[in-house]
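Letters A, B, C and D name the chains as they come in the text, with residue numbers starting at 1 for each one.
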Amino acid sequence: MANAKIPVGVLGATGAVGQRFVQMLQGHPWFQITVLCASERNAGRRYADACTWLLRGDMPESVRDMVLQPVNTELDCRLLFSALPSGAARQVEAELAAAGYVVCSNASAHRYDEDVPLLIPEVNPEHLALIPVQQRNRGWTGCIITNPNCSTTHLVSALHPLHQAFGLRKVFVVTMQAVSGAGYPGVPSMDILDNIVPYIDREEEKMEQREPHKLLGTLDGDRIRPATFGISAHCNRVPVRNGHLEAVSVEFQTRPTLAQIREAWQSYRPLAQQMGLPTAPDPAILVREEPDRPQPRMDRLAGSVPGMATVVGRLREDPLFHAKFLVLGHNTVRGAAGGSILNAELMVAQGYLGPQAAALAQGQPSSLALGG
Amino acid sequence: MANAKIPVGVLGATGAVGQRFVQMLQGHPWFQITVLCASERNAGRRYADACTWLLRGDMPESVRDMVLQPVNTELDCRLLFSALPSGAARQVEAELAAAGYVVCSNASAHRYDEDVPLLIPEVNPEHLALIPVQQRNRGWTGCIITNPNCSTTHLVSALHPLHQAFGLRKVFVVTMQAVSGAGYPGVPSMDILDNIVPYIDREEEKMEQREPHKLLGTLDGDRIRPATFGISAHCNRVPVRNGHLEAVSVEFQTRPTLAQIREAWQSYRPLAQQMGLPTAPDPAILVREEPDRPQPRMDRLAGSVPGMATVVGRLREDPLFHAKFLVLGHNTVRGAAGGSILNAELMVAQGYLGPQAAALAQGQPSSLALGG
Amino acid sequence: MANAKIPVGVLGATGAVGQRFVQMLQGHPWFQITVLCASERNAGRRYADACTWLLRGDMPESVRDMVLQPVNTELDCRLLFSALPSGAARQVEAELAAAGYVVCSNASAHRYDEDVPLLIPEVNPEHLALIPVQQRNRGWTGCIITNPNCSTTHLVSALHPLHQAFGLRKVFVVTMQAVSGAGYPGVPSMDILDNIVPYIDREEEKMEQREPHKLLGTLDGDRIRPATFGISAHCNRVPVRNGHLEAVSVEFQTRPTLAQIREAWQSYRPLAQQMGLPTAPDPAILVREEPDRPQPRMDRLAGSVPGMATVVGRLREDPLFHAKFLVLGHNTVRGAAGGSILNAELMVAQGYLGPQAAALAQGQPSSLALGG
Amino acid sequence: MANAKIPVGVLGATGAVGQRFVQMLQGHPWFQITVLCASERNAGRRYADACTWLLRGDMPESVRDMVLQPVNTELDCRLLFSALPSGAARQVEAELAAAGYVVCSNASAHRYDEDVPLLIPEVNPEHLALIPVQQRNRGWTGCIITNPNCSTTHLVSALHPLHQAFGLRKVFVVTMQAVSGAGYPGVPSMDILDNIVPYIDREEEKMEQREPHKLLGTLDGDRIRPATFGISAHCNRVPVRNGHLEAVSVEFQTRPTLAQIREAWQSYRPLAQQMGLPTAPDPAILVREEPDRPQPRMDRLAGSVPGMATVVGRLREDPLFHAKFLVLGHNTVRGAAGGSILNAELMVAQGYLGPQAAALAQGQPSSLALGG
């Protein structure tokens, strides 16, 4: 019954990522949108009036008449998805977490805080153990959980089983990133038609210095010990609408054969897939064998949950390192809103939203209203 | 006076590269087209009737009424530019060289023959010394000279002064190549709109194993001793019309500072530029300082001879190797027809086309008819 | 039960339209592919080996191992979908119809034959009455039914309810057509990136002189009396992958208000929708109210059966005629394979494939094998 | 000698149109930039610091160090080119004209004022007679002259000789407009990649109701009597960087043959071309005979002054009207900055900038400093 779903809210609901949250939460088996927040300027307006829908297909009927709320600590739900711009996110998310909300954030503001999980459910679910640390450190009753940058998400998803099996030593990556990764209005068409822009502000720094090492780091008591391999990243914007493609060369601690790498990907079935989280694609990694795949247009929506899988292909020997291959993933689905939603699903399943929510996740929907 | 120019012919004149030869030879100070060759099917037709002009601007008036000839050994010129497909090129070019023609070829067919120069005038002009070897080996009175693949040309052009100064050890390169590199009709629009094709047939092999090492190799008696650094290449086709962009990371034998790298590029003024060859851009390498340049649409025609310069930019430290940067160049100008034309200019200037031609190159046009 | 489905074949199964037939017939409630035909060159090969899959998503598992057959009159099905090129289609389709096959053809070869229905189920289902005429004229036991050109299909679909209500007098249309309409490899990327090609071979003639008038014509005994309004068409190819957009101005016999036009579209529910044919979108016409819709990327897959609806919008007064508006539709779904499939569904439902097939269509699947 | 050139200023110099003014004024034989104005925010900064150069090639050296001025009535020149946004233009341009400046404006703010010339030198040079009217009406010592909208400019340029010869009765036009027409940042890439946006704010109104009728109107004493033909316009934004393509059908007062239309274009040599104004392309109209031209990428820079000519082609009979054809022109060159510059040249040549300026235009540069 519908009432039994977990009420959720979306912060920054009118923007490009906010719309993706709204779209992906339609028909979600566990979650139901009860709150849409927007800036002061739009608060009080109908969602359909304040928001120009950017995604294919129409704005879902169920949200058209919802009235946008300003962010405040009286929101009628406990779980919030944040599509706030990073500037606003730092303070707003902290205030909400302090007030008891569980904030699953796509913003980068808190990603690098030592006590905030930077989470990909398939990769580092054990990092959720930072939540009690965070709550203790900060005196919060809620918490903040973040997902990584869109280009990092798929790179690390593809590397994770290889790191487990062979140990990463050096990773060279050149990204070819879709325009939707820059949000809306984002990249001017005058800049990108018949062109490539070989620069994305602070993207290389995130990949080289911050996110992969934390994601693949080891939980050590109350903190994460970052992984220690080296990364060199070149990040480029290309005239593709959706789907980031990444050319990757890797040197491992133990040199595997190509067959062993392929096997590591194909046998990969991490916790999120074993638990059957609703938004977890199964398999998590799709391996293409053609000489010219993956390609953004052909593969960005591949797999059991469109846009959530990571697609790899063109595996071959690397003359300098050990192996080279391509990684592709959808940047605004798994790389943004979908990443946050899957994080929330893992938290529900592991009891961080309370026993009633966890029961729902186990197919035993409670008849009691959840939330608040 | 016009008669004093060196008569030249174009093989494969109706194709995309052939058209670029025709366009670039208009108004050339030394060369004048007297022969246009095409397949048997088109031989005997007016150029304007047989050829659908693909380049911006109109087909030059001076060639519209020229009658296409089949390839034969009675062509009325001594210098030929070859835009033949590689399949046809192997035999045809050899027959013409045997018959006394100097064939400056853009085809890959003979690039890897030990006694055939693979030439970039700025990089390895001394490799022309292979010509007498080639003629002796094969009993030819003419010869074949080749220019490298479009993506290799600009990579090696950018690397050459660095190799001279610091010694290359390892080069990692990911290319984002324009569709015109595949010729016409080439890449179907259905494959590339809103997409990237991360595969170009045999392109990575050319870059990793064949061309850069020969180009940067050392002349050692009658042969080239290839350079010995390592290269890893990922080659991608992107929805850009002209201009190949390459993300490059390099490890040197001697680690330079970024300032030293910049200085090596900025002080680079090789023989072709010193000699003032008409198609040699001066400077040969343009260094951009903006954070987001070079870009294909903005920079592919930069410099003193449009489309002939190599543009570099975004020079920065590499976390795994020593330095990383971008290289951009026009693939159908310098990377194809223009490369062959500049090779021919170097040969003329160095006397390989005879003293009258060389005199022309020194601003002393002979009144005698050249050619035959 | 699977055996109860109607066995069908696809002619020209490896091409772009053939693949769309294969894709759309997956999971079809009435039809099951039992035969895939290809050229002599590919006959005998596995479909997965002979066919490079061009559509998003993978080739369906169920057809990968099917062996391609040459076209012949021993094919194990009675209903054939033809994606043959028009050159081959003229003779092959006639031979198959003579041999008893029902050929639903997307080729233009027979569209203009007086006794061959040119059919859009929503528009002119009564034209199926030409089938007995065709069989009598030609001594055939099978028959040929065609669907119109991709750009005509959506134009006429949008005009039909207006023609019924107000009578067309003059139609001015400028098309902006996607590259997939030219098949594969079709439009070279060098021709269309950053460009428009304002010419499509014979497209304007089809729209101005042949197809709309036959489609909207009146069945008069054994023949169709063509409709008599005038059309002027400008056809353009644009850098869009799928979805033809058409700017239309119309003068009617009786001038309607804009509200009456909108009402004619919104109340339109023709036979195919009333019968609930599986591939018939309901509604057939989607009316957009935004100032800037329909748009190809946003609306080409809109509606209850993705790619089958016609989308109209930007309805406004025309200063010269009566009204102007936009029409959008998917060119390779409704405009090609989907058009043929819907035609076949109408034929099944109306008994042209026999009573057992018709029973299937009425939800009473027979246990007897159909076909042959 | 350089001092003899006419000093000019550019208002709104840092924007996309402002940059085009700066680029086109480099090396101009009559004009020399002495003033660059920008918003208060940028005033006082070096042009190179305040302006991100959007055009191919680099910012001209000669302007890099110029200091941006706020708009005021002490600018050191008499002739100003305005690239102001229309909002700001209304008041600012009027104040400058009142203070004695001659303002050649690309903004739409004053285009429809009865006493302000809306000018295309080839089309309606006699409308300059409004200037004394304007000065008398408003008590101004300077004046404002405007050029039309980018899509109107080329349409009317192509129609003008036909209107003179045959009289326009009805014009149907569908535009396919490049993204650069919307300025910078302008159209978001997310909106236009793989898409068309069939709406441009107020563009159809300008074409249908305001600009063509004034441009082709007759000077009648102190006012313009608008031409009276009818126009229907559909305006679309397409993924092309530069160059507006327009599909046009026309009904005339006297039906010409296609040969007569072609002759009207080919014999067209209006005053601006006869006078040899430096930026006037000669011929003004280029007629293409191929079945598939003009095309934006191929033809937008055609002619003697790149980007200034109007290109027509695909002339054929129209089934509803008399003739149909295509019109193409560069939207940011002739359709914006170049239109204003050519207007200024006409004014100089006709003495509106004083006798010394006029002498310069006649090849008799004065040795006295001009301007102020």
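To be clear about the criterion, a residue touches a chain if its C-beta (ideal position, glycine included) is under 8 Å from a C-beta of that chain, and two chains touch if they have at least 3 such contacts.
Fair warning: this is a prediction, and the values are worked out from it, not measured in the lab.
Trainee: Can you name the chain that lies farthest from chain C, using the mean of each chain's Cα atoms as its centre?
Mentor: B
Trainee: Can you check which chain pair, B-D or A-D, has more C-beta pairs in contact?
Mentor: Most contacts of the two pairs: A-D.
Trainee: Give a one-word verdict, same or different, on whether chain A and chain B use largely identical residue numbers at their interface, taking over half shared as same.
Mentor: Over half of the interface numbering overlaps between copies: same.
Trainee: Report the inter-centroid distance (CA atoms only) between chain B and chain D in whole Å.
Mentor: About 41 Å, centre to centre.
Trainee: Counting only Cα atoms for the centres, state how far chain A is from chain B in Å.
Mentor: Taking the mean C-alpha position of each chain, the two centres sit 45 Å apart.
Trainee: Find the geometric centre of each of chain A and chain D from their Cα atoms only, then give the gap between the two centres in Å, rounded to an integer.
Mentor: The computed centroid separation for chain A versus chain D comes out at 49 Å.
Trainee: Residue numbers in chain C touching 2 or more other chains?
Mentor: Where chain C meets two or more other chains at a single residue, that happens at 193-194, 239-241, 297-298.
Trainee: Chain D touches which residues of chain A in the complex?
Mentor: Touch list, chain A to chain D: 16, 54, 179-180, 184-194, 239-241.
Trainee: Across the complex, what residues on chain A touch chain B?
Mentor: 170, 172, 174, 176, 193-199, 208, 230-232, 234, 236, 238-241, 245, 247, 249, 291-298, 313-314, 318-321, 324, 326
Trainee: In their shared complex, at which residues does chain A touch chain C?
Mentor: 56-58, 193-194, 241, 297-298, 301-302
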